[in-house]
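Presented sequentially are two complexes of chain A, the first with chain B as partner and the second with chain C.
And then the complex of A and B:
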């Protein structure tokens, strides 16, 4: 009983600090008030007690953020990637560190409600989304017109500078890909300073028009003092394609909600995820694939290698709505535990209301196959190398289908380093 | 017919206890459960929906009129025997032909137990729960609530407070039970709830195969069935528990039917013990049950085989829990769901590998078959692994009956209805194979019967 009173209090405290106004903002604030931050019994946050974690590690009565004095972020860049660079630091857009042009797509910066912003990510059921929707400070809007294949990817650096104080920031991204167009967006989490804790809450909404394609890559490889919540909602029209990839390698607490709504016939969605975690990282991936119309295809593959005290959580929901006949939906979650203190909680969930469908899910949790290891060692490969080889192959399957070679090789180098690949 | 007045309060519990001339400790146990139940809330998480149950509108005790407890079948009221005969559960015939010992529970009390003497020669105790309380109080006292505590969940607490009868079975050390033991449950009276309790204790190195069957007549109102089954397996013991559940599912519009809210759990206490659950679920308006295994002993193993069929407006939320505590424990889950009509069928299961459960192994497979576009199939598996030497695999598929399969049958002169029955039986074969022979035949017929008229 006392706990729920406490929870109410921190929710009230947060609400009292939100001063921004707007039609959707006000609704979201109301929603946050009635939902309250997730309680410990909340099924969606069963293994990610976000409220307790935030209360313990952050001062929730002060949300002032000083602007960062950083002048160089070249160390965060992806090698050889020619891209439109957009930099968000501590919840505001940094123009001097960004470099982009308007020739291929329109890039807008918003600080007020506008157009489709706030219409897709559901703030009525998730308190953290409601929090963001009510309190976001800066938004990036990317608009691609019809029939354009944007050659340069857009990279958004979500940076927090915790040199002088703890940071809590709320950003938004809105992506609109026009009919028959194609766009690649990379979101990258980076931390400067790393002296204090940092919490970022990023909500991304993407609308993919008929026959268009969006490649969305999220790289979560920064500091062990980062607490991150993300909600990525993608809406797909007829014959569109969405390719999502999420890589988590570091952070204290990472919660990713990825929602893909296939709202037209002939859609295709690929959801890929890889989490290589160690230390006491908690990574929680919640995905929702919502088949609303007939004849669509979705494929989901999440793999995890969990070491030390880390915990990997996966929850994958596939909904096939009553008229979504001829749906093909596949889902797979595979985990390897490297230490005896590592934990994996997985819940692959299918909810199907249409009969003419092919859906399957599978998940496995275990350790490296001893026999395969023996096979390699019998051929003169040292045990460490053999292990690294097998882990690398395990992880490799996920990055194989990435479209951009530059991004692929960058991710490959990160993985190789983490897995001590020396062959 | 003799029954308690409607409603639930401490007096009713005293009435039930007095009716069964129970010892003081059991009455206390019931009252304690009742007081705990009053503080609990009905669970809302299952994927089913039903109108609020008024627990004061249920008759908690109903017994068919009978003068004295019959010694053998000749003494049983012929009316009762006829009832069972109509159901195809002929007590006399079973005795003659198949050698299955039966404990028949009608409404709230056990009416007949066959083969008792023969089993007693081996030291096996197989009798109704009330008898066990009178004749073997020390065993009942020791094991009652040891697997499913009285406050385990809402319905288990309710059952602990008002359970009226059930079966009790004890297999002594090293004895292999020579015949199948079986219980038949039937709800006959209107407005009654049935709350029976089964307790099976398998001592070291023993083996028993246990069957459970249930039926209920058609009635317009919903009836509540909240049973508890506890299995306690010691070192090297092996218990096989099979259920064919055929409670009245409600009519085509979803009116009436049984609410089947059952708690079943086995404790593999000793090393190398093994419990296997097999269930064929075709009845009930709403099913809510999760036969589970707590694998405490090292090298113990648990199995769960299930076929759940829902048609018309039936709802089922069923599955299993495998809790791996001991080292080298193994579990296997095979669940086959079939939904037709407007029904909703959910599999919900948990596999938990605890920290000290080294080298634990689990394999789960849950398939769903959909017939028609108004029904739903849902899967909610929870897999929690805390030990890195464990190996857990889970796979699930959902699909419909292939048109090519139907076509193949039609081509060979098998009409669509029979073709579906054939394909469904093939689909469920892996589970049906686990059933004892007599049961398997019955289960196959039941499957076909439940799905009658669901194609086209």
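And then the complex of A and C:
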């Protein structure tokens, strides 16, 4: 009883701090008011009690943010990646640390509603999306015209600087890939200071026009005091391709909602995820693959290696709508627990209304295969190396299909280091 | 080379080996036969250092060392090799990469430089010929989707790469057709020298026509109950195990 009163209070408190206006912002504000922050019984946040976590670790009555004095972010760069670099710090765009040109694509900075922004990510059912949609402070809009293969990837650094104060920030990204065009976007979480807690709420919307392709890579490897919520909603027109990859290796609380809507025939979607977590990281990946039209293909593979007290959550929904005949949809979630206290909760949810479809899903959670370990050791390989070999092989499957060799080798180096690869 | 005295071993609460004795010298080939469940693979696992099996009594001396004190990888580095009855599948790890790591860790333990890519490849090519195994198989994930015969051949390939002093082949012949058997046996024979020893665990006399043993032992209910020369294998093939079981019962 007293708890629900408290929940109401923090929702009210948040609402009272939102001063920005706009047609969609106002609707989102209203939605947040009626939804309220997720209560402890909320099925969607069952293993990620975000409200309690935020209330406990943040001051929700003060949202002032001082601007960052940082002048160098070179340590956050991906080695050898020649990219358009866009830098967000504490919820605002930092022009001097960014470097990009708009020969290949249009890069726009917004602080007001515009065009398609807010039209895809559903703020009517998820309070955290509603919160962002009402309160976002800065947005990046990427627009690729038709028939352009953008050579340089766009990297967006979602930085928080917690040197002097606790940070809570709300950003958006809007991506529009024109017909028969191709674009790669990397969103990377980085933290400066790490003296206080930081919460970031990022909503990304992407529209992929016919025959176009978006490679979307999300790197969450920064800091043990980061609390992060993301909603990434991707809409696909016919014959388009979406290749998504999410890597989580650090953070206190990471909740990713990834939604892919296959709204045309001949679409192909790949959703790959890898979480290598330790300490007391909580990572929750909720994905939705929504097949709305016939003859499309989706493949989802999420793998986790969970150590110490860390927790992993995977929830994968696949919808196959009545029109979506001849859909091929595959989903798999595999986990290895490295300690007695590590946990994983995994739940596939398939809802299929069409009759002529091929769908499969599978999930496993277990320890490292002791028999295999013994086999390797019996050939003279030391125990540590044998372990690393098996874990690296397990994780490696997920990064195999990454298109950019530079990004792949960067991720490979992160994984190798984490798994103590020495062979 | 290997002396096993009064070996008792259990798994969970079942005693499987119940006072086993065996002496193997360099240059010798020993065959161990015996009914299903008599403890042959258990003996092989204990020799290789599998931790699930607990040795409760007895001792194993290998080249003057207490084998039971060594970790599985240390045993392998000292030259002990087990060809598994059921080789495990390891997705994502190719035989080639795995062998490269194994060979180099063994070399490192002996104070040798690691092999560079070129020397490793030429060594591999040579051993591949020995067991007539195709490179495409070795590029694939270890044993994943291999046929029974391919798995066994891969075991012998690994044996050839590691050049062990004491090799234990646990039913490496089971399930092989005659051509595959001949290839595997030829491979083993080419690795036979007067400095190394081989223990072959088998149910079939057929293998012993190719790999001719110096001694044949019958393992029954956790003990070696009869030992003889290669003629014993022929007798077992003809008469089965009942007469031996009867003898044991009488004693």
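Just so we're on the same page, the second predicted complex is superposed on the first by the 423 of 423 C-alpha atoms of A that agree within 3 Å, B and C clash if a C-alpha of one lies under 4 Å from a C-alpha of the other, contacts with A are read in each partner's own complex, and residues count from 1 in each chain.
Please note the rule applied: a contact is a pair of C-beta atoms (placed from the backbone, for glycine too) under 8 Å apart; a residue touches a chain by one contact, two chains touch by 3 or more.
Every value quoted in this text rests on a predicted model; they were computed, and no experiment measured them.
Legend: residue contacts after superposition of the two complexes on their common chain; A:389 is shown touching chain C, with no touch to chain B.
By the touch criterion defined above, A:374 lies against chain C but remains apart from chain B after alignment on the C-alpha atoms of chain A. Once the two complexes are laid over each other on the shared chain, residue contacts for A:184 go to neither chain B nor chain C.
In the superposition on chain A, contact of A:355 is made with chain B only, not with chain C. Using the contact criterion defined above for the overlaid structures, shared-chain residue A:345 touches chain B, although it does not reach chain C.
Ranking chain B and chain C by residues of chain A touched puts B first. Contacts of A:232 after superposition: neither chain B nor chain C is touched. By the touch criterion stated above, A:10 is placed in contact with neither chain B nor chain C. Listing the residues of chain B that touch chain A in their complex gives 45, 355, 368, 370-400.
Chain contact summary for the complex, chain A toward chain B: residues 43, 322-323, 325, 335, 337-340, 342-367. Listed in rising order, the residues of chain C touching chain A in the complex are 48-51, 71-73, 75-77, 81-82, 84, 87-93, 97-99, 101-103, 105-106, 109, 141, 158, 162. Across the complex, chain A meets chain C through its residues 369, 371-372, 374-383, 385-386, 389-390, 392-394, 396-397, 423.
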